[in-house]
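Below are two complexes that have chain A in common, paired first with chain B and then with chain C.
Moving on, here comes the complex of A and B:
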């Protein structure tokens, strides 16, 4: 018999996502000072602090020398001016 | 890579050992808090972050246990041989979180207080101790940032802010209590083992803990008058024994599967 839960996890999607729509950050990192800064992935986060932490723990496949996150909305397209950026993994 | 302590075999100062155990055991419980609460994370990236903080804290605990084992203690006893009355974790984590806001407040205060205490050993003469303290600092940087990210989100909700304030009023005195009586003896500093006086670490903790107000955007109450009754265990930095229910959660299980 299924157990009826007394209370559900209450998540205010709008507030906890940082807005009506999910907010994304692109993650860049380099392994050492000789390596290029490369795109390693993206994370969803409501603010810069959580984006930094989530990126650090999700993309932990290397002991990165440097990592940074960029809000997707801050990326200005050049070749496809006026369209939203479409960042893809290599 | 194998852990290599600085001066293996030498006997450590008893009060210094107590401080290390208090940090290690508190981080053991903190790691278990993260493990138990991971599914309360708000999204898939949150699960990864909480699990990362969980394993980091377990790592700090084990590094300290190994250091103590290199100085005359039995590792198996430290990790799996002690009963609830021997555990030295902070009272701050005895009571399970009542909700998400309480979880954020409690884990943040624990991360902050244990880091403050560990930072007192950054210049320890044994490089192994200084190295553990440095590593704790590097990893706690992200753990504190996680909390700070959540302060901002919680601060956007009126009800959530109220729950945060309530949790903070309840948990802050328990966190401060961990540093011991304000005018108590500071034997580890007096012996020259910790180059920072405990009072200075305690004051820094109070100041940092007040910093949440700005990110939350609301006032917080800091109750600083802590009553230390007769059952205060100065060596364990806590009152009484670890509650049985919590001990059942944190005790080492299935040792045969661990190696």
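Moving on, here comes the complex of A and C:
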């Protein structure tokens, strides 16, 4: 039997996502100026600003020297020709 | 049923993938998977994500009752870590067609896959630190095994951060468990009482004994590397020496003859949920135990309902 919930948070999914389809960003960061900029993970966000915020809060395992996000759709694959880039969680 | 399993075992694609991952091959893409591989992988990540989230209602009561601001921050920070872990798992699950919003907010709480160890809301800060010391240690052993062995590389990689953060929870737990053991008579009594409750819960975290287990896909597809008993042994080899060094009594010891840690009781045993007391002399059957696990404690549904309906608000502090 389904459990009755007292109240349910109402979320406008379309607004949250900025569209009907989720939009993904890949997250890159470097620990200090001697380290490589590495892929650390991936977030879903409706726009660039929220992608920045989500990346910073989720991938907080280090005090990163530098962090950036790249929209997944901007990544052009070389070895995976013809496919969209694969998500490579860090 | 038996014939169905036999058929799949004889499916050359399934067999080929099992042999491939047995050599250490890691998959990077969903397209490389067989249906059966995908099912066992997704099931594993699904449960892992649920287990991360249920820590929130479990830990939150202790945020209110913990003695100092630092303690409150420590618990809140651990909760934030756990939700961050869930976020990464959701991100992976989306590649398999999961919708995070409906998965988190629209699922019936009874459908959540939780383990008994994480279902009892902490009554005080001592319970939180004991739970970090013994419970997060158990969780850590399973997630380290996944990081080291999981044949789906994106999941294995995502667990680096998870395990990095879990070590903080475990060392925080050990440090404060030791502190409260030495602080006063009363706090020592409370530590022992909490360990008495958590120890069997944590040994059960690793599931059925190997000789009772019927589903072995996690191992044959190398989603995990170690069996239930191997991981349980690893956990015992950490927590028993720790407890002995502090002076905490635990129902397990190292058996010289067998060369391994053994429990001083025969699981599964009866738990009085109301009193939070185990009856070490009252054995139940594995069928009864599975029923208890499946149903969940009385806290399970209200806790998850609370997460879903976001009733934290001003009550949080």
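Some points to look at:
Note that in this section the second predicted complex is superposed on the first by the 79 of 90 C-alpha atoms of A that agree within 3 Å, B and C clash if a C-alpha of one lies under 4 Å from a C-alpha of the other, contacts with A are read in each partner's own complex, and residues count from 1 in each chain.
Criterion: a contact is a pair of C-beta atoms (placed from the backbone, for glycine too) under 8 Å apart; a residue touches a chain by one contact, two chains touch by 3 or more.
Remember, it's a predicted structure, so these values are computed and weren't measured experimentally.
After overlaying the two complexes on the shared chain, residue contacts for A:61 are found with chain C alone; chain B is out of touch. Using the contact criterion defined above for the overlaid structures, shared-chain residue A:44 touches chain B and also reaches chain C. With both structures placed on the common chain, the touch criterion links A:53 to chain B but leaves chain C unconnected.
In the superposition on chain A, contact is made by A:12 with chain B only, not with chain C.
Shared-chain residue A:36: touches no atom of chain B or chain C. Look at A:21: by the touch rule set out above, it reaches neither chain B nor chain C.
Note: residues 9, 11, 16, 43-44, 57-58, 60 of chain A belong to the chain B contact set and to the chain C contact set alike, using the contact criterion stated above.
On the side of chain A, the complex with chain C involves touching residues 1-3, 5-9, 11, 13, 16, 22, 40-44, 57-61, 86-90. Across the interface of their complex, chain A is touched by residues 40, 42-43, 45-46, 48-49, 51-53, 142-143, 145-146, 148-150, 152-153, 156-157 of chain B. Across the interface of their complex, chain B is touched by residues 9, 11-12, 15-16, 18, 43-54, 56-58, 60 of chain A. Within the complex formed with chain A, the residues of chain C that make contact are 28-29, 84, 87-88, 91-92, 94-95, 100-101, 105-106, 108-110, 153-155, 157-158, 160-161, 164-165, 301, 305, 308-311.
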